[in-house]
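Listed next: structures, encoded as structure tokens.
Two complexes come next, and they have one chain in common, subunit A, joined by subunit B in the first and subunit C in the second.
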Partner chain A sequence: MSSTSSTAELSDVTLRSGIDRSLRHPVMFFLTSAAAWLAVSILLAIVASVKVHWPQFMDDCEYASYGRVFAAHTNTLIYGWGFQAGFGVLIWLMARMSRQECRAAGTILTAGHVWNLVVSLGTLGLLDGRGTGMPWMEFPAFVWPGLLLCYLTIVVWSFIQFRVRKGERTHVAQWYLLAAMIWFPWIFITANGLLFCASGHPLMAAAINAWFKSALMFLYFIPIALGTAYYLAPKLSGRPIPSTSLARLGFWSLAVVAPWAGMQKLAGSPLSGVFLPYLGAAATALLAIPLVTAAANILRTIFSSEEKLPKSPALHFTLAGLMGLLLLAVAAIALNLPGSSLKLTQFSISGYGFEILALYGCFSFMMFGAVYFIVPRITCSEWVSSRFINMHFFFSVYGIVAIAFGALFGGFIQGSAQEAWLQPWESVTDVVRPYAAVSTFAWCVILFSNIFFFIHLAMMWMGLGRRDSNPILLDSPADMSAPIPQPNP
Partner chain B sequence: MSVPSEPADSSQPAVATAVPPGHAVVAREKQIPENGNEIISLWPTTIICGALLLLAGFILDYGGDHLSYGSLFREGYVRRTPPGSVATPLPPKTALEAYMARGKKVFEGKCITCHGPDAKGNGSTYPSLVGSAWANGETERFAMIILNGLQGKISNGRIYGVMPPQGIGMTPEELAGIMTYVRNYFGNTKGDVITSEMAKAAMKISAARKNAGQSVTAEELTADHVKALPGNPVDATTLVDPLTLEPVQAAAATAPAKAPVPGAAVAPAASPAPKTP
Partner chain C sequence: MSLRLFILGLAASFGLAWLFVVIVPFVKMRNLEPITLSKETDGAVGIFYPKRSGRIVNGAKVYAENGCYLCHTQVVRPTYAGNDMFRADWAGLAKDPERGDTRRETNAYDFEGETFAQIGSSRMGPDLSNLARRLEAAAAAKGGGDPATLLYAHLYDPRRSPEARKATCPSYRFLFTRHEIKGQPSSQALPFGGDATTELLPDSDAKALVSYLLAMKKDQPVPAALNFAPAEAKAAAR
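== the complex of A and B ==
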């Protein structure tokens, strides 16, 4: 490690660690509270999933009725875990890449607390039966202005940092992060404004809601995931991103195509612009272009390294996230073929499988990778146990594979059963029951995997990380043979 | 902490090789290199993107007649029987119910704007239909008023506004429905059913009027049209198909079709004997 030969390099290290220090409180706050919300969301997912195949479960408790619990599960997953993990990673990455220290850590931290308060209130209101009934926007209507204000307060500093960045060139990762920062308020204001302030025809409201879900996925979560991967890949491999022009193609095709997607959920409905659902289906299928080009570019960055890369947790999770991304691209085509699959996905669980694949299989894995990369830097200590990370990694992968395949294929089976209209509707639930049971099991596996993540993150947060300078690697048993780390006084 | 290699001790004199204590993680980071400038390989990219664009066009094509509202929402739309299924007729209703249900729709589309939701008019420009001698009287006279509109005096001798003709685009079933509805609702209790056959005759008569195209007047009505419309009266309790308004036999309504030939016309043997003359 004593390779810092020049003073220039030393000052660079000082700058970077200065940035890390300036952000340590907000970033750590976002990552830990995000992890806590992830735990809440997974528990709710298990309850909701159990109720699909065992409806008598907790049926005397109105707060645990399926409609409320399932809505609370998706909303905490998005606004509790997804957004906060995104905030933590985004503000850190933007500060690092703009080479600017954060000067508003206190404001960001305050806004982060308010965000948690608002999400908690929304979740409680939702469980109390005051939800709006619109997927991904189920929090009572008073919540969304609060979320928007917090969002702006948290993110505006990263925008300023980008404006006053050092260095002329921008990195690909910055494009995606900056775009996500700008796109989110647009999506959020449009959807909430049209649905809660200027509400129109209820059928159109359903279409707008479907658009919001898709836009939030592909114009917010996926860009943040891609930005993170575009940062981590060259950072971990030390290799350049091979093709800027391919990155440009991927970025702009996402920007052009993604806003059209979403309304395929309403295919076959008497929406007055009947072409809109088919436009949505076509756009979603076309999303394979940005997703595959980005994945190809990032994978080539990682694998172009001549030397064998150390198996760092960040690399593992990023690679898994990229696999999720490619699977998402395949699913985007496979679920949107009119005449065969499109009509099977309208009222089936395959839509849920697609969303979980995007939110957990792609986005969350990238976030885990970033967490494993960032946290040692801001806590100035190393992860304690590679066994914990391995448990987190493998069981998360098993869990998400089970959910994604179970829900996607189960959705097809369910859709086909629904199409057999001469059969009683009840038979559809019999057909889908095993897949719901698989989903319950998979969520339990994911909970199990994340217990290791939570404990590990909490140890780092409490200052129990290792203080030596050996990075944790997943293929070396070094930390196993090392004495159990004592809390450093 | 037996590893001696890391002197994380700030008391050490600051030399050029020192790293701020606790920042070993940051120090071992690799620098992000400049983005590469490899050119996109033309053919693979074009082929993949082109294939996906073709697929997208194929999906979009399923939208059909994209913006043509009229071709998608046809007037008088009747649900198509899905392929491979046995046509199951809707449960029959009594003639009075079926015709009145049809008439209610027409009333709410056409009549309600002037005569009001309770059919009482407004007393000045729009007359009441409740207890009206012409509405409850001879069927041909009533049909002529609906089809052609009315000007001048009405049955009670008073003059209201000019009623525009309503017959344009109206089907016989709709005319029969609206007449039956008005004569049996809003306090009118005539109890008879004007069949679509009678309504068809009324349309023929209306087209053959001397001054066709003009609204009828009280004089013309009393001179030419104080008659009952030709056609067999139907008992109010006869069971009819709610869509076609054709009478169905009780046996045909309860027993499923014996010859399930998909898509083919109903076998003549199974169809009820035609009752029309």
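== the complex of A and C ==
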């Protein structure tokens, strides 16, 4: 009996390490190039943010003009960092959960290189003044077909792995990841096809663009973040997910509500369907239900463990990401109340705060958690310094809290100043300035935190990781010698 | 749940919203019908289908490429959605010397000639729906002059005039080139920055952008079907 189970365990370990080995190069490639793009995006964010409160900064340089730099910042954050971090985590999670080795590492790696090339060309085109002027779709028009082809080439293998998976039961993490994989091309082709290839009414084009932004956030980035958290939480706590029905409710309510959201950006504009923006506002507020449901379920998984959990970096980042998710749920309601808050936040920096909260405060934190979990497994070495991870964690948290509160709250102040129509317009510019300064400071803090991440990741990539069987923990070094409860591999 | 059922569920939940908020409105708004005017309500017959003059396509491209939409909006919301209408010079002019109060909401015909309505992201700067009307009024207040010159000066150095010293608008100096004066100085030259032999002239992109911005006069009278002003204001306008 015991020999059968140990044989099964051994073959299990062999299978897992086989999967890790087969994906080693694509996953490391995506994670390292994502980190490099994150650095680029943060630098661009700092330049853009400085220019809001100090417009003379680099004023003579055409390529550092605010309008171009800001667009380059958001687009590199999304297509450079977000997508590639997502790819790295997604292909690994899907392979592990389908228990299938990757047989197309070379193809994925090639597509990954092309993706980077296309994003680089797009960014250069943007800075050179060839942007399209549609938020989150600012890359020149030749970019989107390239991105789509690369995406399909990278992700199709995970879909095939799922089809031929071992075992009938599916994990809730797989629902989210699989759904994100299917939703994204649908959203991307719809928005780019209608905006670049079909001629419609200019206002409807703007509405579709607003819908695209929201759909990309809530039907691609947030599902990947939730899938990752649903995978990591049971692994880190050694407990099963407490409620399948809650998981199902969270997933399907997201699937039903999120596609209606986004058009609230056009509230009060003369669209044929005047109700569309208010439908979007209602749907965005309703998104609090799937977000809170999923967060509650994942938090219960983590805290249902009776013994004290080892303070692993993945756990810290996942918990912080869940806090970001809850804050996002609150903000989704607070920003979108027609008749009170929507008119204040519609054209204010709150929108930026909301997007950064979703992309960095929730999605990126989950991705960091996954990176700290995955990289030791595929490089067969351990993270070197718990101090580096602590620096990354705490300064990232400080930075995102400053940006989120600064922009969300500052947007309300800005909106109130806009609505005070008896005051001269200049007062609006004046009230925004301090919040822009907060944003500059916060992006500098985030850059500082990520320097530790970049160095650490580069060390792991170069094979300088610790050769040790003990995973790194964030306790004081004294605790390191204590026996460590092993989380499930 | 099988994969097929799962995909069907996704297709149904996403497809429904996709159809009703994206595809159907897109097709419905694709060909906006001109409005037929009637004798009783509009005092005229024919159709309302406004045309905008100026280099709309080229100018909108420069506007998009340089990210003007990040800080400027182009929509005057109805009073239920914001206070834009109340500002004295956003929705039109509150005291136009000839037409009186010309303020009105933005309508779907105001974006004629563009491919993407630059609704805008965040209002760091003012709304531009009626920028040309404001500039004309400002030029008239300075004793006549070309509104284009004011706009060129703003694009070159937004903080030049003392009242705008706190402006956060970036400067677009790269849209201008220093030329040697040959014969007469150019009428389009900036009123500053030149010397005895050279002058600053706007490039093609700057001219397109200014032409586009000077077409921002979204306060022309509209037919009754689009006029949402209170009854007494309508009567006064009549």
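Basically, the second predicted complex is superposed on the first by the 471 of 489 C-alpha atoms of A that agree within 3 Å, B and C clash if a C-alpha of one lies under 4 Å from a C-alpha of the other, contacts with A are read in each partner's own complex, and residues count from 1 in each chain.
Following the convention adopted for this analysis, a contact is a pair of C-beta atoms (placed from the backbone, for glycine too) under 8 Å apart; a residue touches a chain by one contact, two chains touch by 3 or more.
This structure is a prediction, so every number in the text was calculated from the model and none was measured.
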item	value
Superposition on subunit A - do subunit B and subunit C clash or fit	clash
Which superposed partner A:V445 touches (first subunit B, second subunit C, both, neither)	neither
Dominant contact partner of subunit A by residue count, subunit C or subunit B	C
Contacts of A:P270 with subunit B and subunit C, given as first, second, both or neither	both
First, second, both or neither for A:W421, with subunit B first and subunit C second	both
Which of subunit B and subunit C A:L325 touches, first, second, both or neither	neither
Touching partner for A:E62 - first (subunit B), second (subunit C), both, neither	second
A:A205 touches, of subunit B and subunit C: first, second, both or neither?	second
Partner chain(s) touched by A:A285 [first = subunit B, second = subunit C, both, neither]	first
Which of subunit B and subunit C A:E382 touches, first, second, both or neither	first
First (subunit B), second (subunit C), both or neither touched by A:A35	neither
Segment of subunit C that clashes with subunit B, given the candidates 3-11, 21-29, 39-47 or 57-65	39-47
Touching both subunit C and subunit B, counted on subunit A across the two superposed complexes	270, 272-273, 279, 339, 342, 421
Subunit A residues touching subunit C - in the complex, by the definition given at the top	51-53, 55-56, 59-60, 62, 65-68, 70-71, 129-135, 162-163, 170, 175, 178-179, 182-183, 186, 190, 194-195, 198-211, 219, 252, 255-256, 259-260, 263, 265-273, 276, 279-280, 339, 342-343, 346-349, 351-352, 411, 414, 418-421, 425-426, 428-430, 432-433
Residues of subunit A touching subunit B in the complex	1-2, 4-7, 10, 13-14, 16-17, 20, 169, 171-172, 231, 234-247, 249, 270, 272-275, 277-279, 281-283, 285-286, 288-289, 292, 333, 336-339, 342, 376-377, 380-382, 421-422, 467-471, 483, 486, 488
Residue ranges of subunit C in contact with subunit A within the complex	1, 3, 6-7, 9-10, 13-14, 16-18, 21-22, 25-26, 28-30, 32, 60-61, 63-71, 73, 75, 77-78, 80-84, 86-87, 105-108, 110-111, 114-126, 158-159, 166-174
Subunit A partner contacts - residues on subunit B that touch it in the complex	1-3, 5-6, 8, 16-20, 22-40, 45, 48-49, 52-53, 55-57, 59-64, 66-67, 69, 72-73, 82, 85
